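Structures for review follow.
Next come two complexes, and both contain chain A; in the first it sits with chain B, in the second with chain C.
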Partner chain A sequence: MKQAGNKNTVFSLKSRLKRFKRDNNRWSALTLAIVVFLALPILFIGVELFAGPGETWSHIVEYLLPDYIWNSFFLIVFCSLLVLVFGVSSAWLVSRFDFPMRKALEWLLILPLAIPSYIVGYAYAGIFDYGGSLALLMEAVNLDFVRIDIMNRAGLAFVLSISLFPYVYVSARAFFLNQANNLLEASNMLGVGERKTFFKLMLPLARPAIVAGLVLVLMEVLNDYGAAKYYGVNTFTTGIFRSWFSLEEPETAVYLSALLIVIIFSLILIEKWQVRKVKFSSAKTNNQQIQRKVPKKSQKWLIFAVVFIPVLLGFVLPILQLIYWAFLTASKVFNMDFLWVSLQSFGISIVSALITVFFALLLIYFSKWSALRLIKNVARVGVLGYAIPGAVIAIGIMIPTLALDKWLIKVLGNMGIETGLIINGTLIALFYAYAVRFLAVAYNPIESTALKVDNSIPDSSKVLGVGNLKTFFKIEFPLIKTGIFSAVILVFIDVMKELPLTLILKPYHIDTLAVRAYEYASDEMVMEAAIPSLFIIFTAMIPVIFLNKLLIKK
Partner chain B sequence: MLKIDSLSKSYDKGKNYALQDVSFELKSGDVCAIVGESGSGKTTLVRLIAGLERPDEGSISLSGKVLSSVDQFTQPEKRKIGLVFQEYALFPHLTVLENILYGIAKQKDKKERAQEMLDLVGLSEMGGRYPHQLSGGQQQRVALARALAPNPSLLILDEPFSNLDTMLRTQLRSQVFEIIEKTGVTVLFVTHDTQDALSVADEILILQNGKVVQKDAASNLYVKPNNLYVASLFGNTVRINKDLQNAFHCPLNEECCHAIRNEKIKVNPDELTTDCDYITTAEVIKKIALGDAVQLVLKLETGEKLTVTTRDKNIADTINIGFNSKDILEFNE
Partner chain C sequence: MRKIFVLTTALAVFASCGNKEEETTTENVETTEKAQVVNVYTHRHYEPDQKIFKMFEDETGIEVKVINASADELIQKMKMEGEQSPADVLITVDAGRLHRAKEQGLLQRIESNVLENNIPSHLQDVDNHWFGLTKRARIIAYAKDRVQPEDLTTYEDLVTEKWDDKILVRSSSNIYNQSLMASIIANDGEDIAKKWAAGMVENMARSPKGSDRDQVKAVVAGEGDLAIVNSYYIGKMLNSADPEEVKVAKEIGLFFPNQDGRGTHINVSGAGVAKYAPNKENAIRFIEFLISEEAQKIFTDANYEYPVLESVAPTADIKAWGDFKEDTLNLTKLGENNKKAVLLFDEAGWK
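For the complex of A and B:
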């Protein structure tokens, strides 16, 4: 009898090649093309490294790099600590106890995410400044004003933490609410006290969820440009801006970008490593939610206070400060030009959201239609842009598009056609950059709704004689509409808030609300930044509430 | 008409095979059942034939045309195979009529054809409803109508009755196969239930761990199973090992294997004298009432335990049991 299914012959190179030829369809090639397209900016950073550093590199290494590294290290450590304290404590308290206004606080704790960090930075600068809100308040009650200087590293760490802690809050709360109930009951039955249960049982179990949130926070910390610039703290991002705009040395910007990428991937690796070590977490979701305890009256208000502090610091105070400024500057800022900028901001955000969602759909479905298993893993690489700071992506796009434009101008010039820059400094480059940076924001909600559609549904369509594309439009699209809609909204907000990438790549004559706020603040007119900031915040708030509803449903 | 030739599929590069060296053929108009436990490779086989998976080795051809092989592959939408999924997989956002029209959108007389299908499955008035407004049995019939509408040359039913309770199941089974008989289509019917298979199939193919262990007419499978696994699918069967041979004083050839169905072991004294070649005494250690019958757990002289069922009410503590040599099943393995 023929030894069929023999590993040696069936999985020999020859028959593998045969099957590869059979299974290699156009979807595989298209998936690969999209992934390469999305990874190009990062690949260019790698390629440009070989061009060698710029003239000032040795100067930077000697005088500035230690500062960048030390500041980044300081920010990583202190933001982690603060974010963990704010995020985990509030998540645990709202999941475990019932206290006054708990339900309202549960979603208020997410709202700081609606305010970009640099705007929180501007607001706090105004609160603590000479003649600022705090000074006025103390004067009013006849107290001596002692100025606390926050325009430094520590102040920046505080500002970033108070605006980013909701990432940790959201993922920790999701764990506590949905997965902790059985264990919690078991621990209580065994007579273990509340405090010990939290520190010995809940905290170690929630660690993967908490660290996942923390890594998102640190990516945002390293991505920040606006707040660091305003607070005068030298970080990698401000260094990239300085070498690009002031020193006009792209080579140096590339080297700093590469270093920053290394730092970020180390953080991601640490996360993966620590999650792998925690194999004991049960993957099964527990449908039963935690039974909340009703604490004693005195404790009730203490818990309320502890949960309210991050909301107060991260949302209420900055918003009050901005509203106060908005009243002072309304007549000056609110004019036709401002409306025009708002319109541009909306337009750019909606178009880039649609483009980004389009690419996410292509990536998800092309890789699904590819018959090669390898391609399905490759598709995930296209999502990595979210980890890369906006400034780095901008540099990775700026350099090759400049070179491409120079070449195009020369070629077209030879043909007698006079043109200016075609890609660089136009909206094309900007939209491309947003797609690279925010692809994951679109990819994840679409993928999770797509996973809810059982495979047998599209399979039935194919067996009934309908091809992939038509199946998508007739069957899959109507079933994943909500996922696509939330993806558009989420990317829309992220683009509205985005600053560093926009600053580098935006066309000269185009402005967004974020850029307008930044420019006011840089020009010593921080009060005037309040109105564009509030516009961004209110646009972002509606979907943050909507997103929270989705999270609670999950 | 359908020809499967040494088909193999592994999901982990050859460490384990979901399907290994499977070969068989179907003639036009056949109704063939594929029976096996879960994990035996039934679903993989179906998905390979429908073109939803690609084989690592071997080939699938339909009406002389190769659909899948190591270097050829026809897309599922080009195969003209009808498939009814276990979970029906009706398109939830389309009405019953739209579901049926889906696969015949390009045909000229699609409206008439769809209505004809609705009539065939007895849902003439239900065309405007949405799938979630139908009962499980009705959904099943819509799925059947949808699969039959494009007039497929082969119809595959993947565990079509496993979502239904026993009462509904028997009723629906006969309904479904009445409909199928009217169309005369060739059918491949996947199930883990031998009752389903025996009641409708001309031929049954048994899968075990991804391999075909037997393909035979339904009646033959009961009388001449290829191994103990196949025999056990049709009722409890015990291997006649050395101990059992000693207990019954029946020396059998050691080279091959023998087994006896528990239901063929006789307890009734009349039958023992007239109908049994091999007899032994056994101690009754447990009696379990099963309504009109009693299940006995017996212990033989050699210590072996056996379970038999009898309708006799008066059972002593020690009884005689026996079987006829013509009921002995003989296997090659």
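For the complex of A and C:
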């Protein structure tokens, strides 16, 4: 028995090795190289874990951790609920029905993403404030002002949900528009009612797309610093800042980051697991776009109202508040310099978006071309950056790049060339950091469209002797184009809004709008922050509209 | 077609950014020998500062290059950059952070009679590593209709029963609160400080949230009777673009605590010269300029801070609050006790 068992393991080891040799190819090594490159900052922080937590760790566990866990849990649950309600309902209604102003609403629903969530938080605080917009309005119509306190946990969940639901909206709508038509027709033909079709058929099928969006939302929620701090809600991220900076213990902050990463990682695993459960292969790429139904007149306006509510709450109201503030402060804040800063922001964002999407594509396709199973899981490690607060990533980037810089200075110095820091304090470090931070934002939409491309298509191309790269450009790229463009836009918007990382890594004389807005807001000049915020929003709107045109044309 | 157009314009924009970047880096290398610069890492994001930097440039021909971020992040950055750090000057908005930078070996001792003689001794580092530039007081804003100023005395008195559910104050992650706590630790000892924090939590009208300005608004809204705030925010509210804010600021009374004892807690915004400053001479000149009469006047007139220079009078709005006795505890103590303060806050449950 024993011998047999032994033999068996030896045999399986051998066969495994064989399989490894068979499946291993240069793409495996390349994938690994990219993952290491992108995970380097995270690895450097991970290494610190072995040093043990700082001396205040037990203090944090005793006094703060229960609060962090409870608040983060609360936010996860309530934001998930709200985001699903807003995101999925609006995605379905605009995809399925034709109603007044549908086309405008379709892209208006993406726009809340263009406003940084902390700015939405400030705007809502301003609306509900004593002497705020709501109070003034009530006074104007002679109503008693009932003050609603929004600055608490529930208010924070609302603010984050209303500014982040478009992630779910975008991915759910992409599914409904491009994948749902055949099934919908079949369901209609079989006489199944509209409601049942949605709940029994569409919702389960759209689940992978919806959950992919939801995971992005939850990562953003857990990562939020500005809004949580202002609303007085202590979360892991505020805790990371507190232990790193107030308690001067980077080691402890790293421990908190690690805990946060565990939470995020389990969310990702849950996503993977539930997608596996609903493996579906209907996704023929010859699926036609959905046929829209024209509802009855009374229903038309009801649908309009339901779709308009998230736009109103997530975009119109905050924007009105910002415009009011901008109007109050215009003479003080506005100058031509803003146009130049906007151009810089735009340029930096578009280039980092392209770089990040490029890395996401490499990661997805290299790991696909490598036949090794293991590599596919390894590839996902590259996505982790999104779970880590920008400030922590910035530090993680500085450790290896500074070492490299110092080495370069030494080597070049020996050759008689005097230089300063080559990577740090230049755009290179900034682009690198954005790629690490936002890879997940690019990875998910591309992956979810790439998954829908039936493997038989590229496979038959390869059987005919066409190489991987050519197959990609000739066949796969046109098929996943939408995913790629959504990825570019989403990363673009995220970079426009990004703050802590930009603050630390940006070069002299490069300014972004988010930095401008922050400079005001951090000094309690929230009103003065309105003009740079509006500039962010308008700059981010351009590509959003562009993306939408592209989707419709298709 | 349109796609290509947009992409090319975007690339063009980037290219221009990229070029700019190259220019500035090469400039950087050259400037250390030729043109004069001073690289400033600053936590102060105020517009008046830019005006002052411009004045300095016009007067001296030394170009001021600025990196703006929070003091904590700037300190981390300097630490990692080490000897290669381009920073010449570090400016923060509280003494605790300057002390921390000094402790971590990021600042250097400088000799300057101008700074030494013009800045009161409790507002500068004992080893000349940093110097205070402007002062802010942590004061009490009260509801005029509900509070008699005679009932107010000291910070320590705020934990007595008469203020139960009446106090508004922001989060303990705020550096101004940490420094106030550090001063109480230094003046009264750790035990009393710990009890004080617990008593404050007991007397809070609501869980801490929002900014200093929000606390003042909450007083007027009737959520509580007292708010602990930084003096210069009141000055800013009085001159706010929002008429509602001006109204609020006019409705509250101001009280300077501990006048019969050690004096009201103050903090400074200050500056030090970086340990590896490539332009040390310029850095000293720059800091000296910041306490010149013209610069000090802008600090107080446009940003409502108290000047450190005695010959410059505070701006009319804050002068109207009257003179007050300030706590002359050496501000180094704030830095030394900062971590202790944060730990005690946590233990007391001050969020």
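The definition used in the following text is that the second predicted complex is superposed on the first by the 345 of 554 C-alpha atoms of A that agree within 3 Å, B and C clash if a C-alpha of one lies under 4 Å from a C-alpha of the other, contacts with A are read in each partner's own complex, and residues count from 1 in each chain.
Just so we're on the same page, contacts are C-beta pairs under 8 Å (C-beta built on N, C-alpha and C of every residue); 3 or more make two chains touch, one makes a residue touch a chain.
Here the structure is a predicted model, which is why all the values come from computation and not from measurement.
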item	value
Touched partner set for A:456, first chain B, second chain C, both or neither	first
Partner chain in contact with A:464 - chain B first, chain C second, else both or neither	first
Partner chain(s) touched by A:99 [first = chain B, second = chain C, both, neither]	neither
Greater chain A contact set [chain C / chain B]	C
Touching partner for A:472 - first (chain B), second (chain C), both, neither	neither
Chain B versus chain C as contact partner of A:18, first or second or both or neither	first
Chain B versus chain C as contact partner of A:165, first or second or both or neither	neither
Chain B and chain C contact sites that coincide on chain A, given as residue numbers	none
Touching residues (chain side chain A, partner chain B) in the complex	2, 4-5, 7, 10-11, 15, 18-19, 21-23, 371, 454, 456-457, 459-467, 474-475, 478-479
List of chain A residues in touch with chain C within their complex	56, 59-60, 63-64, 67, 125, 129-132, 136, 147, 151-152, 229-234, 238, 241-242, 244-248, 325, 328-329, 332, 343-344, 346-348, 350-351, 391, 394-395, 398-399, 402, 405-406, 409, 418-421, 424-427, 500, 503-504, 506-510, 515, 518-520, 522-528, 543, 546, 550
Complex interface listing, chain C residues touching chain A	2-3, 6, 10-11, 13-14, 16-18, 20-21, 24-25, 28-29, 39, 45-46, 65-70, 72-73, 76-77, 80-82, 84, 86, 100, 171, 173, 178, 207-214, 217-218, 220-221, 233, 236, 240-242, 244-245, 247-248, 338-339, 342-343, 346-347, 349, 351
Of all residues in chain B, those that touch chain A in their complex	6, 8, 10, 13-15, 17, 20-21, 50-52, 54, 56-58, 70-73, 75-83, 85-87, 89-93, 102-103, 146-147, 150
